[in-house]
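I am attaching a structure below and will ask some questions about it afterwards.
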Amino acid sequence: MRGDDGVEVLRVAGIERAGPGDLTFLASAKYAPHLAGTRASAVVVPPDVETPLPSLVSKNPYLFYARAAQVLHPPAHPAPGAHPTAQVHPSTSLGDDVHVGAFAVVGPRVRIGARTTIHPHVVLYEDVVIGEDCLLHSGVQIREGCRLGNRVVVQNGAVIGGDGFGFARADDGSYEKIPQVGIVVIEDDVEIGALTAVDRSSLHETRVGRGTKIDNLVQVGHSVTIGTHTVMAAQVGVAGSTHVGNNAMIGGQVGIAGHITVGDGVVATAQSGIPNSVENGEMISGYPAIENRKWLKASAVFPRLPEIARRLRQIEKKIEELLAKR
Amino acid sequence: MRGDDGVEVLRVAGIERAGPGDLTFLASAKYAPHLAGTRASAVVVPPDVETPLPSLVSKNPYLFYARAAQVLHPPAHPAPGAHPTAQVHPSTSLGDDVHVGAFAVVGPRVRIGARTTIHPHVVLYEDVVIGEDCLLHSGVQIREGCRLGNRVVVQNGAVIGGDGFGFARADDGSYEKIPQVGIVVIEDDVEIGALTAVDRSSLHETRVGRGTKIDNLVQVGHSVTIGTHTVMAAQVGVAGSTHVGNNAMIGGQVGIAGHITVGDGVVATAQSGIPNSVENGEMISGYPAIENRKWLKASAVFPRLPEIARRLRQIEKKIEELLAKR
Amino acid sequence: MRGDDGVEVLRVAGIERAGPGDLTFLASAKYAPHLAGTRASAVVVPPDVETPLPSLVSKNPYLFYARAAQVLHPPAHPAPGAHPTAQVHPSTSLGDDVHVGAFAVVGPRVRIGARTTIHPHVVLYEDVVIGEDCLLHSGVQIREGCRLGNRVVVQNGAVIGGDGFGFARADDGSYEKIPQVGIVVIEDDVEIGALTAVDRSSLHETRVGRGTKIDNLVQVGHSVTIGTHTVMAAQVGVAGSTHVGNNAMIGGQVGIAGHITVGDGVVATAQSGIPNSVENGEMISGYPAIENRKWLKASAVFPRLPEIARRLRQIEKKIEELLAKR
């Protein structure tokens, strides 16, 4: 802490719109010029930034800001208890201070851990298990037998445990449904985005590892396993039985084929199409995905393909002339 | 109006399936041969098309047809009032002739403008503001504090104001959630497609401009701003903090990176991947997106790459021979 | 049947995790080594696989397994009748043994065939027709007038019959909505994935043919028709008025342009972008999509583009030298 440590902050705001009572932050020294004009009451800064403003100094200002913002803007905690319109099966086990919102449906043998908030219009099929301190937003559907750890956040409209896409083809060309008898397991501290679908496994389990964050409209196929602390941006699709490792970063609209392994720490840039397994730590791009540096270079040449084809024809002509003149 | 102006039309129909009582239309003169066989009672035509049928002549037949169809097929207006099963918080302000459907949940301090229809199973969190003459279909979720203008249409299952995808990384590799304290503002005359997600801003607002039309399964990231009269086809993804201008046309499955500006009037063809800002009026394609004409030409050469590589080898060989013979 | 035909199996399991009471399967002889270690009570095998385990022999073990799994894991059939909280309009016609779950809304003049299960939180607008033995999971929305055949399965959160994306542009750049007055028809034995949107037609009908299987988060545009026994993986998008034939296989994230025909038996690999019509039986890939074999070969050369450009420059230089020396 530098400067006046008695200053009061009530909320967070961006550096340009902040006013009295606001805490803002500077992610790095390169944004320091913005500090001059801010009306914020206090600012989180990296150690190498000087400012007359009351400031909280952190080597990771963004992280510190995240924690301060969580204190200033805690998630709403509706009053404990089930709304009178909620349909909670008598066999359900509710922990202390659980809130169940209007019109929620909680099926037989469901267990919900302490302090979890179930918003209106959530449906939990039979035998679902939800940990402590979870937050399920309205419109979430969780299918039979799926299990969520502690502190899991599920945004509106997500579907966890829908049937995997499994069919066997008969000789007449028709498809016969393979019952999807497995479940989905979501570990602690995971966030699942709005309108994301995580399919139940055909046989055993689909698993999303601890601390992994998945954005909106993502498809996670049946029997997929995702490691810990991986992030997946919006509209990613992961086909069945694939494993994505720990600490991976998967960009928006990336597609990952089935039955492959994407290693730990892999970075796949937006819209990549990944047909084959990827080694730990690689950074990949393109469709089909290749090493990012190679892709950047090849993509830079791509628009010149017509010119390359034309020059090739000219060369061939000249060589024919040279050969003819012999 | 040409021909019998006493003809009665009751509904619209396509030119080939139309029968007595149907109004149909001809988008341009090139479809005129279809007129001979139609059994429609009347037709909207451009000025250069002659027909003995009773016809409405318009320089923009499709637009005229749209307006006629709106008259013949007005949206259903359920009886005013809240369904007895709806949970409407006592602090809610409802305009005249508002309909709230079965099992809808309307939170504290929500305001809904006159003549708006809220279908069953819509959830409006606290402090939501909805304008006049809006239509919210079943299964729509609107999160705390978000605001819709007048005449906004939201198709089924869309989520407005879900948390943006914002996390700060700690030294141990774990992610800390950044509270998303901003809102979403949807201006007048916008349409939002089914199962589309428009995320709330991390700090201030995500905004969709007047008259913009967004199709199904689209992702609009946090703090994105979209101008007026822009259209986005299905499954487009726009990453956080990007600005898309006015009158842009974004094709299906296009991906737009975060923190860039896509200018007014930009046309991005389907599946483009846009990594960098785009000037006003450009037409772009490809991944990474380049000028559409260049992309078309380069894409036409792409399948010939193996042949180009082979010819290159042949040339190199011939040159070696020429050099050797010296 | 080979071996002990008195063995009892209670459920299915994967070959590695199976234990006593489990039935497992071997899709082909190449997995035969796994048989040695399995603890399953019985196994479905192809004719060329020998095992001391009690085994069911089938030329199509996967199909046989699917049928056995359906017997061992029949879909839950909740008790017939409407839940007391369901809002079923008095004009609705319900077949024998129909189940309607909590908070479901069934609109005027809806007809539901015998033995169909409607899970909680399903909304059926007016005039919807559902066949016999259907299964609609929670959160499904079906709009006015749409029709489902028999044995149709709809996963959670899917939207059938949302408005197609149709607007006419006025001179001032604004868009006027074209009322979407058609419907959606889903034929017998179709499966629709979670959070998939099938738009109603602008004029007549959008149709999904018998036995076709559609995965999650797929967009089917207005007036699209899809043939029989076609499969579409997750996140596919089909733009308006396109026809996809019978027995086609469309990979994940494929985009198909509007107003084209994709023929019978077409295979489009994941992420393809299909701008033009495709002949029956073709296998295509890429963006824009071309013949799969050509695409594989050209894609293999693509990373070498920078090297090709460099070699081209070297050749040009050598030729200049050769010409100069004359």
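When the chains are written out, they are named A, B and C in that same order, and each has its own residue count from 1.
The definition used in the following text is that a residue touches a chain if its C-beta (ideal position, glycine included) is under 8 Å from a C-beta of that chain, and two chains touch if they have at least 3 such contacts.
Only a predicted model underlies this, so the values are computations on that prediction, with no experimental measurement involved.
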Task: Angle (degrees, nearest 5) of the CA superposition of subunit B onto subunit C - done: 120
Open item on the list: Counting residue numbers used by both copies over all numbers at the interface, does the subunit A-subunit C contact come out same (over half shared) or different (under half)?
Closed with: different
Open item on the list: Could you work out how far the Cα centre of subunit A sits from that of subunit C, in whole Å?
Closed with: 24
Task: Contacts with two or more other chains, residues of subunit A listed in rising order - done: 85, 103, 121, 139, 157, 195, 217, 235, 253, 286-287, 302, 304-305, 308, 312, 315, 319, 322
Task: subunit C residues touching subunit B - in the complex, by the definition given at the top - done: 85, 87, 103, 105, 121, 123, 125, 139, 141, 143-144, 157, 159, 162-163, 165, 167-171, 173-179, 181, 195, 197, 199, 203-204, 217, 219, 221, 235, 237, 239, 253, 255, 257, 273, 275, 286-288, 290-291, 294-295, 297-298, 300-302, 304-305, 308, 311-312, 315, 318-319, 322, 325
TODO: Provide the residue numbers of subunit C that touch subunit A in the complex, in ascending order.
DONE: 11-14, 17, 60, 62-63, 65-67, 69-70, 72-73, 75-76, 83, 85, 101-103, 119-121, 137-139, 153, 155-157, 189, 191, 193-195, 211, 213, 215-217, 229, 231, 233-235, 246-247, 252-253, 270-271, 286-287, 299, 302-306, 308-309, 312, 315-316, 319, 322-323
